[in-house]
Amino acid sequence: MDYLLAVLLPQLLHGLVFGAALGLLALGLTVIFGLLGVMNFAHGELFMLGAYAGLGVIGATGSFWTALVAAPLLVGLVAAVTEVATLRPVYHREPLYGLILTFGLALVFREGVRQLWGGDMRRILPPFPGSTPLLGMTYPDYRLFLLAASAVVLLSIWLFFTRTRAGIIVRAAVQDAEMLDGLGVNVRRVFTLTFAASGALAALAGLLLAPVFTVYPQMGVEMILLAFIVVILGGMGSLGGSVAAAFIIGVAQSLFSLWMNPQRVAIAIFGIMIVVLIVRPRGLYGREGVLE
Amino acid sequence: MRRLASLVMIVVVLAVAGVWMAAPALSQSKVVKIGDLGSKVGVFEGYGKYQTMFMQLAVEELNAKGGVLGHKIEMISEDDETKPAPAVRKAEKLILQDDVKLLMGAVSSGATMAVMDVTKKHKTIHWNAVSCAEFMRTTKFHKHYFSNQPDSRMQAAGLAKYIKDKMGKKVYIFYTDYAMGQSDGRQFKTALEKIGGEVVGVAGAPLDTKDFSPWFGAINQSNPDVLFLAFAGTDSLRLMTQLHSFGMTKKYKLAGIDCFLLQQDLPSIAESMEGFVQLAHYSSFNPDRNMQSVNERFKKKFGVDGNIMAGAYDGVMFWATAVEKVKSFDADKVAAALEGMCLDDTHIGKQCIRKEDHQVVMDMHLYRVEKGKNVPIARIPGSDTIGEPMVGKDPVEGFTWDIKKKN
Amino acid sequence: MSKALTWPVAVVFALLAIVPLVPGVSRYHLLLAFDALLFGAIAMSLDLLIGYTGLVSFGHAAFYGLGAYATAVLLERGVLSLWACVAFAVVVVGLYALVVSYFATARRGIYFALLTLIFAEVVYTFFRYTQTFGGSDGIQGLPDAALFPGVLIDTPARKYYLVLVYLLFAWIVCRVVVASHFGRVLVAIRENEDRARFLGYNVQRYKMGACMISALLTGIGGAIYPIRSAFATPDLMVWTESGEFIISVMIGGLGTLVGPIIGGAFFTLLRDKVSSVVDWYFLVIGAVLVFIVLFMPRGLLGLRRLVRLRRGRAPA
């Protein structure tokens, strides 16, 4: 029982937090893919840019909370500009070009950041450094805050997708993008806005996680691989599936780290993905034919 | 026509590439080159940068006196990306293309050992000033290799007694899971258990781990007195920050290896490092006359305090002295001259290269971090730490990671 | 092989063969040339997959790295025969490629790219954290391999000739595949997968075949690498390495086979020269990729040939 509380529960909490951040990333990926037909290899870099933008804003204003608002906006802007300048021309081309393009963009973002801020790790101090004795272990307050914050964000997104007109349209368009045109919507603008919004979400996740994981240029690379697994697991085109899978993977990863060499956890996660692919190839909630 | 155009383009590209590749270095009269190989970016960036700086100091001082054997010394720096593969490539480039007569490096033990294969094959004088795995002066040793970095066995010999006597009997060893950390883990466990200490747990985290909290539960459960940490670079920064936020830096006494944290990084986590004990040969806060003299010179040139990378300065000095002695750059002659050679006024006083395993015997200090500065609390003579030479012998024979359960 | 191309090809290989005999070519240059030609050959085998079949593999570095570890494991244990190493690599890489290609080709579209990436990551993680294979430091200090008992491949010149033979072998295999019926079906699949399916071709099997051939060629290339480097490390399999293969193909030109060889060689030389001087070359590489996709999807040699193919002419 002691073990359960002192060791298991904190890990579970941590897994939920991580899963939430992963969910934000995977959601963005799925939406972009469904809507624009592009698998955004640079998505992890948007996550990373969020953390660095946060660094910049905190450096200029000294306030973490200002950064929490400003950084996603800044990254959203960067994403919008990138979409217009580089992605738009390749929508009509073979999908392999989009893949290679976003791969190149990822390199540019990552190395650009490395040149500007240096390759070593930077720290963003949590806005409140205290800790709470929780169930036998002293748990940092910031991690508790993260839990609450990610719950709020995910809830807002859920509300957006189910209660607002814009959200419902985007959700439907993710299933069938041609329909957008038929509804008389300005397709180009929706694409750009959606890309910008998913970038902003990724950035938010990046900044929220930064005080825990520290800020370094490779942080996006590590998240994106997990995000891909989440997307495959949850089923392409399913928003709910992405989030559900993200939590499953997040918690699984956290708990597995307790019982096996944390290094081998990645292999275990991967094993889960393979099993699901064999048993249920379209993922948890995926729909047939969504990939074309 | 199109095919001709593309063929021409191919030829042009290849020609440009070929010419570029083969471009000879500008020939200057009487120049000798030395190589500086290390991590210039990434987790060990600090060590690599300071290695370059200390070497530059040495080169500058030597060149001001006319260089070595009438040759001006030119230093070529390369980044090994903290990995063995690029380290080998760069080492080959330095040796085969730049013809360096001395190779300093690398920083990461894994890279250093990989480079040792190259320097052995091409017979180049190889100096290691910071890597501390225990294999370099034992199983991987070759006769052109020299080091003044106290390896993990030496550190364990010097620090274990203090830990057991003054800090606590029950120790948890937490190390970084690659060559250096594993080596430290092994040697400290062996040393502690030999003098009657109790190792209540061991765990390794991969290099560049972002979140150490998965290991904290186990640490807390085993209830140690002392937390012994074998990490380096940015991993250490992250680890200490996280340990602190989980309240563990106040709960346990802290000790670690000499390269755990560069002094430059101390101020940012001073609070979490309070009371941290390590064994090292350099601290800019050590009032010792020799130490301060070197530190002043370094500070005058670079504007910042020095750190344990001062070993690289000594390495260049040793090499230059040996070359002058035998009036030759030939690796075999220089190596022979280096054996048994002593330098008297280094930052730590006298340093002598032991003949059997080319390891420098030198004193060290026990340091404790107080208010963001590591201050000396005791001087440990070199003879206590050097240990017996084990060239060719397996230093980990019979070792087991198993924890002996005591009640 | 059409007559039109054998003369220039023979000339090029003959020229390459006398490189070690040219005065002024140092040991270092030969090792560099080894890297360049190896990389070029692997890029060419990747082109079979990307350029001809339209499948982007983001995990090709895993085939390369597995081949390298196969050789390293044998050399480490004293099995010095080159042939044993290559054979073992073929078996290991073949099994892995079979599994990967099966899952990756099961669904359409970008599934292939994603799954090859994920599989490669897992292989990388496995080797990085398994101490039996040396962990993150890999297997080092390997002895030279032997062509026949007593004949060691120890000098840079011999290693160079080894890679030249490999390049020739890979080239012949690729040309044969491309000119065959199998190769034409691959192009058909790339052009319009549904139509190929309606024509009765088992598309997944063809895709798997292309993937296997490409993977095996790459794996053999990987098997040769430790003979030159005397080590095998997990970094050979990191996904950015896969990215570098892709870059080589793009620079050289999709679907041309020759282009990627040059692209690969050029990229290797560039990387060696530039990385000593400047550390932002990855930034340039990324920018070049973006640039190529937007403005110059043809690379150096271009998609001209594929365009010609589409218009009904026989492949050159």
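Going in written order, the chains are labelled A, B and C, and every chain counts its residues from 1.
To be clear about the criterion, contacts are C-beta pairs under 8 Å (C-beta built on N, C-alpha and C of every residue); 3 or more make two chains touch, one makes a residue touch a chain.
Just so you know, these numbers come straight off a predicted model, no measurement behind them.
Participant: Please state, in steps, how far chain C lies from chain A along the shortest route of touching chains.
Facilitator: Between chain A and chain C, the shortest chain-hopping route counts 1.
Participant: With chain centres set to the mean of the C-alpha atoms, which chain is at the far end from chain A?
Facilitator: Of all chains, B has its centre farthest from that of chain A.
Participant: Could you give the separation in Å between the centres of chain A and chain C, each centre being the mean of its C-alpha atoms?
Facilitator: 32
Participant: Determine the centre-to-centre distance between chain A and chain B, using the mean Cα coordinates as centres, and give it in whole Å.
Facilitator: Chain centres of chain A and chain B, defined by C-alpha means, are spaced 38 Å apart.
Participant: As a quick test, compute the distance in whole Å between the mean CA positions of chain B and chain C.
Facilitator: Distance between chain centres: 37 Å.
Participant: Residues of chain B that contact two or more other chains, please.
Facilitator: 41, 177, 206
Participant: Considering chain C alone, which of its residues make contact with at least two other chains?
Facilitator: Each of 128-129 in chain C touches at least two other chains.
Participant: Which residues of chain A are in contact with two or more other chains?
Facilitator: Residues 114, 263 of chain A touch two or more partner chains.
Participant: Within their complex, state which residues of chain B touch chain A.
Facilitator: On the chain B side, the touching residues are 41-43, 45-46, 177, 205-206, 209-211, 213-218, 220-221, 234, 237-238, 241, 245-248, 268.
Participant: Give the list of chain A residues in touch with chain C in this complex.
Facilitator: Within the complex, chain A touches chain C at residues 33, 39, 86, 89-90, 93-97, 99-101, 103-112, 114-115, 221, 225, 228-229, 231-232, 261, 263-264, 266-267, 270, 273-274, 277, 281, 291-292.
Participant: Write out the stretch or stretches of chain A touching chain B in their complex.
Facilitator: Per the stated touch rule, the residues are 3, 6-7, 10-11, 14, 114, 119-121, 123, 126, 129, 131, 137-140, 142, 212-214, 216, 219, 222, 254, 257-258, 262-263.
Participant: In their complex, what parts of chain C are in touch with chain A?
Facilitator: The contact residues of chain C facing chain A are 50, 54, 56, 58, 103, 106-111, 113-115, 117-118, 121-122, 125-126, 128-129, 239, 243, 246, 250, 280, 282-283, 285-290, 293-294, 297.
Participant: Inside the complex, what are the residues of chain B that reach chain C?
Facilitator: That would be residues 2, 6-7, 9-10, 13-14, 17, 20-22, 40-41, 78-79, 83-86, 88-90, 92-93, 96-97, 110, 113-114, 117, 140, 177-179, 206-207 of chain B.
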